[in-house]
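Structures are listed in the sections that come next.
You will see subunit A twice below: alongside subunit B first, and alongside subunit C after that.
Take a look at the complex of A and B:
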C-alpha cells in the first residue's frame, strides 16, 4: 500500500437539535505521494466536512466513523498531542475562510515564524529567515518588508498566499486546500494555481483541492472525486471523469456550466434542489433529480463500483452511456 | 438575443464619475478620495445584454448603482429612455422607475425577511397604484414564469434555497414589465447547477418581454454565454468594449487578454494546452491609480509612453474600442476539440 492518505468508510454526522445531519456518508479516498486530487460537488455536499474530519477539526457536535491512515498512522485513534504535531506539520491546510487561520492582531511574518518554531524547534532567527524564504516561494513581492505587514494591510490574493506559506511552512507531505482561490479574481487565481503546481513539482507535495470550479480541477488535478449529498458518486483520473463520466449527476454538472470557448451551446440545468441531509431516504440520493432513474433507484441505494466500460468508479444503478461528444479526442 | 437598433439607445452613459470619500487607514489617517468610477461611457440598446466584467473593486457595482440612481453620480451624464437623470431628484425619477429595475447579487440579503413572497413581488405594483385584480394576475403570471409554485406565495424568503430566492428577486424585478433591468452578479452566489437554471430563465424573460439587461459579472464563461456586447473595466475605467465575438475572439487589450487566459475551461486537454498569461502583482488602490495607463503596473507590453500618456477610448458608440497604446488582436481561446 503506497497511499499517503487512505480514508475508509468515513461518516460524519452533526447533531442539530433533534435532527441529525448526515453530512458525509461512507466515503473512501486514496491519495498517492505527489498526487493532486480534486473534490468537486455542490454546496453542502460534504467536501469541507470530510477533510476537516481528517484533521480532526470538526465542531464538537460532530460524530465521526471510519478510519483515516496518514503515512501508515491511523488518525482517529491518535492522541491529541500527536494530532497537534501532524496538523500544520506533516499535513498543511488552507481553509475556506482565510480569517480562521490568520490572526488579525499579529504581523504575518511573526505568525509564519511562530508556526515554524512550534513544529521545528529552531531559533527565532532561523524561523524568520525561513519565513522570509516562504514568502518568496509564494511570490509575495519584497518578502522581507512584507514580513511586517498585518493581515488587514494585504489584499485578498496576498492573504491567500500568506495562508499557503503558513500551510507549507513545515514542509508537509500533504496539503489540503479548501476552495483556495474561490474568493479571488481570475488573474490572481491563476497566480495561486501556478504556486500550487510549482509546489507539487519541487516538493512532490500531495494536494487535495476542494473546489466548485470544474475548470480549476481540469487544469490542476490528476484525479477527481465528484461528491453528491455526502457520497462520492463518481471518481477516477481527470480525463476519465471529464470525458467519460456516466453518473447522471457528474454528467449534469459537466453540461450545466457555460464554457469560455463555446458560445452557442445551450445550458442544461440539472433542475430541482439537493436533498435535505437530515432526511434519510432508502434509495439513491440523486433519484428525485435524476432523468435516468429506474424503479430500483427509489428503493435501494447504489454503491460505488468500478465500471468496466469507463475505468471509473461510479455509484449508480443505471449509468448513462459515455458521451461520444465528450470522449471524442481520446 | 439579437440587439435591435431602433430609435437610439435605451440607456446612454457618458463620462460617468463617482468619487467616494476615502475610508482612510490606520497608517494614513488623511482621507484620500477614491474615484471608484473614473469616466465611463457606454450605451445599452433595446433588447440587448451588455455585460460589464472586471476584477473586484474595479467599479462595476458603483457604475450599476449610478445608472439606476441608487447612487448619485459625481459627474457625467446618464440618459434613461431619453431623460437625463444623473442629477435629478428621486421625485423626478419615480415615474421612470416602472421601466427599470435592479437585481442584486446576494439573494439572502436583498429580500425583506418579514414579508411573504406575495408581498415582496407585489410591492412595486402596489407602490405604483395598480388595481388589486391586475396585481393578482401579474404576480401569478410571473411566479409561473419563474417556475415557482402558487403555494410559495404565502411562504417567507428564509424557507427557500438560494436559487429560489434569486428567482423571487427576479420575479419582483420583472413584474412591472420594465424595459431595462440591471443585474449585479445575479448568479455569483449560486451553485453551478442552479446558475444554469437562472441563466435560462433570464434568457426566456428577455425573449418574451424584449428586456435589455446590463449585467455585472466576473465569470467570463457566463458572460460569454449571455451577452451581446461586453465592456471590460479596470480600476474605474472601461479598457475595452465590443461585441461578444470581438471581446472573446478578437480581444486587443492586454488586460482583456489576461482575463481570458486566466479563466479556466472545464476540459483537461484544452485547459492544459492553453496559452497562459500570468500577470504580475495586484490591482493598485483606486485611491492612488497609476499615471497614464492604469493597467501599466501589471501589463506585459508596457513601454515608456504608457506612464506618460493615458490611452483613451475613441468613440463611445457601439463599435469595438480599446484603450491601449499597443493594441494587438489575439484569439486566446483554443478552438474546442472537435
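Take a look at the complex of A and C:
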C-alpha cells in the first residue's frame, strides 16, 4: 500500500531535570491515503507525544529519534520553513480542548482566514469567503454570522468544529485529531465524529485519531494501534482488535468498557499503575500488571510480531486466547 | 451571546453612568483636600503680606478680609464651594491671578511631559518585556530585569538628578533643565504644547531643541513605568506562550514572529492596560518632582510652590485637576479594556 505517513522507530524523550522520560519508545506506524487510524492508550502512553513529534510541535525540552516520512519527505530533517509549510498546509491538527485552543482575542472567522492566507496567499476577501464555506462544511449554523463570533460566544462542540474547519482549511492530506471529543458531551462527540467521517468521504483525507475512548475508535477507525508505556503493543484492523485481541493490555482496555447488553457484568479495571517512563526495565513494560505474565516477561522485552492466529500484530510472550464472548458484541 | 448592536448601547450607558458619578467623587476630593490644607499648622499670611508686614495689624486684617481668611473654616468652605460651582477656583495667594488660568497655562507642559513619559514607559516596557520573554534566562533577559529593577525601585527625583548629572553636567550630551534653550522665546501659543506650537507656527528650528529637552525628564519619569510594564509583559507573555491557542497558531504553520507578536502579545497586553490606568496617578505625582528638578513650568512645579506658600486656592485647584485627570483616565482604561478583551461586556 502506498503510505502517506510512515513512522519508523520513533523515540521521543523529555529531559525533566536530571531524569529523562522516554515517552515514546520506538514505534512504527504506516498510514495510507484515505485511511483512518486510531491510536488508543491511557494517559501518558505516548500517543500525543508521538503525533506532536510528527508536527514537530513538541516542547523544546523534547528530543526525537527515528524517521518520519510524509508523502515521501522526511520531516525530522526538514527545515523549519518547510515544516511551517507542512503544518496547517499538508497536515492539519486539532486538539483535545477546544475551549482553550482558540485565541480568545480574535474572531473565529479571522482565525480561520489567517490559516488560509498563510498557505494560499489569497486576499482577505477571498479567505473570508473560503472560511465561511468551511464553516458550512463542518455544519456550523448560519456560517456568515458565525464568522464574527468570538470563541467565548460559542459552545465547546461549535469550537471544535471551528478547529476542524481551521485544520482542513488548506485541504491537507492528513488530519491529526488529538483526543478531539474528550472534552465534549457524548451527544456532541457523535456529531464531531460524523463530521470527521464525512471529511474522509468527501476529501479522501487520512485521519489519525488519538483517543483513550475505544468507542470513538470503534465507530470511526479502519485500524487501531494500542499503545502502552510508549510502545505499540497491539495493532491491526479495527474489527480484529475489538474481537480477537490477544494482548492482555488490549483485553484489559476492552473489558473496561461498560456494557449495557450483559447483566451484572462488572467492570474490570486494570490493576496497578503504568510504569515510570524514566525507568528502563529489561522485561515487558506491562509485566508488573499482567495476569498472564510468565518468567520470560520479566527478563526479555517482547517485540511486535504478526500473530498467525488472529492476523494482528502483537507484542507479547504469552498472549491470551481470542475470546469468543468478545466477538459477540461491540 | 450578546448581539453586536447592543454593544455600543451598553458602552454608552456605562460611560454616562460613570460621568454622572464623577461630580460626587470630585466633591469628596475637594472636601478632603480643603480640610487637610486648612489643618496644616502654618499661616498662609506670610506669603500674602510678606514677613515684614506680619506685625502690622491693619495690613493683616485687610489681607484677611481681602482673601476671606477672616471667616470661619466652614464659612470659607461654603464660599469656596459656591464659587467652585460657578467654575471659579479662586485667586492664588501667590501669583495673584485666577487659579483656573494658572492651571490652564501650565497644564500643557505637564501633559507634554507625562504623555512622553507614558510613551517611553509603554513602548519601551512592551518591547523590553517581549524581548525578555523571547530570550528567557539569557543575557537580554537579565539585562532587562536589571534595567526594570533600577527604574522601578529608585525614586524619580534621584533618577532625574543622576541623569542630569551624567548626561548634562558630566558629559554634556544632553541640554540642561528647562523646556526651552536659554534666551529663546516660546513659540506662538496655539495649543500650549511647545512641540505642536513650534510645528504649527512653522518654527522648525525649535523642534529638535524642544524634543531634546523633553527626553531626559520624560525618561526619568517614565523609567519606573517602563520597568513595571516590562516585567508584566514578560511574565504574561510567558504565560500566554504556554497556552493551547499558541500551539494551535503554530499548527497553522504561522511563523514564530506572528505567533509571538500577534497571538501571544495580543493577550499578554491586556493586563498592561490596567496598569496604565493606574500609572496616570503615579505619573502625576512623579511629575511634581520631575518638574521641580528639571525647571519644568508645569502643574507639578506649580503645586510645589503652592504648597510651600500654603496657597490654599492653588493647592485645592491642583487637587481637583488631579482628581479629574485620574477619574477620566480610569474611565478610559475601563472602556479600552472592554474594547480589547472581547470577553468583557460593560453592563
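The criterion applied here is as follows: the second predicted complex is superposed on the first by the 318 of 330 C-alpha atoms of A that agree within 3 Å, B and C clash if a C-alpha of one lies under 4 Å from a C-alpha of the other, contacts with A are read in each partner's own complex, and residues count from 1 in each chain.
Heads up, the rule we're going with is that contacts are C-beta pairs under 8 Å (C-beta built on N, C-alpha and C of every residue); 3 or more make two chains touch, one makes a residue touch a chain.
This one's a predicted model, so the numbers in the text were calculated from it and none came from an experiment.
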{"item": "Partner chain(s) touched by A:42 [first = subunit B, second = subunit C, both, neither]", "value": "first"}
{"item": "Touching partner for A:85 - first (subunit B), second (subunit C), both, neither", "value": "second"}
{"item": "Of subunit B and subunit C, the chain that contacts the larger number of subunit A residues", "value": "B"}
{"item": "Touched partner set for A:270, first subunit B, second subunit C, both or neither", "value": "first"}
{"item": "First, second, both or neither for A:118, with subunit B first and subunit C second", "value": "second"}
{"item": "Contacts of A:242 with subunit B and subunit C, given as first, second, both or neither", "value": "first"}
{"item": "Touched partner set for A:257, first subunit B, second subunit C, both or neither", "value": "first"}
{"item": "First, second, both or neither for A:188, with subunit B first and subunit C second", "value": "first"}
{"item": "Overlapping contact positions on subunit A, where the subunit C interface meets the subunit B interface", "value": "153"}
{"item": "Of all residues in subunit A, those that touch subunit C in their complex", "value": "55, 57, 84-89, 92-93, 95, 97, 100-106, 114-115, 118-119, 148-150, 152-153, 163, 166-167"}
{"item": "Residue ranges of subunit C in contact with subunit A within the complex", "value": "1-2, 4, 243-245, 247-255, 263, 266-267, 340-343"}
{"item": "Complex interface listing, subunit B residues touching subunit A", "value": "25, 27, 55-56, 161, 163-164, 191-197, 199-200, 218, 220-222, 224-225, 244-245, 248, 258-272, 276, 278-279, 281-283, 298, 333-338"}
{"item": "Subunit B contact footprint on subunit A (complex, rising order)", "value": "42-43, 141, 153, 155-158, 185-191, 194, 212-219, 238-239, 242-243, 252-254, 256-263, 265, 267-271, 273, 328-329"}
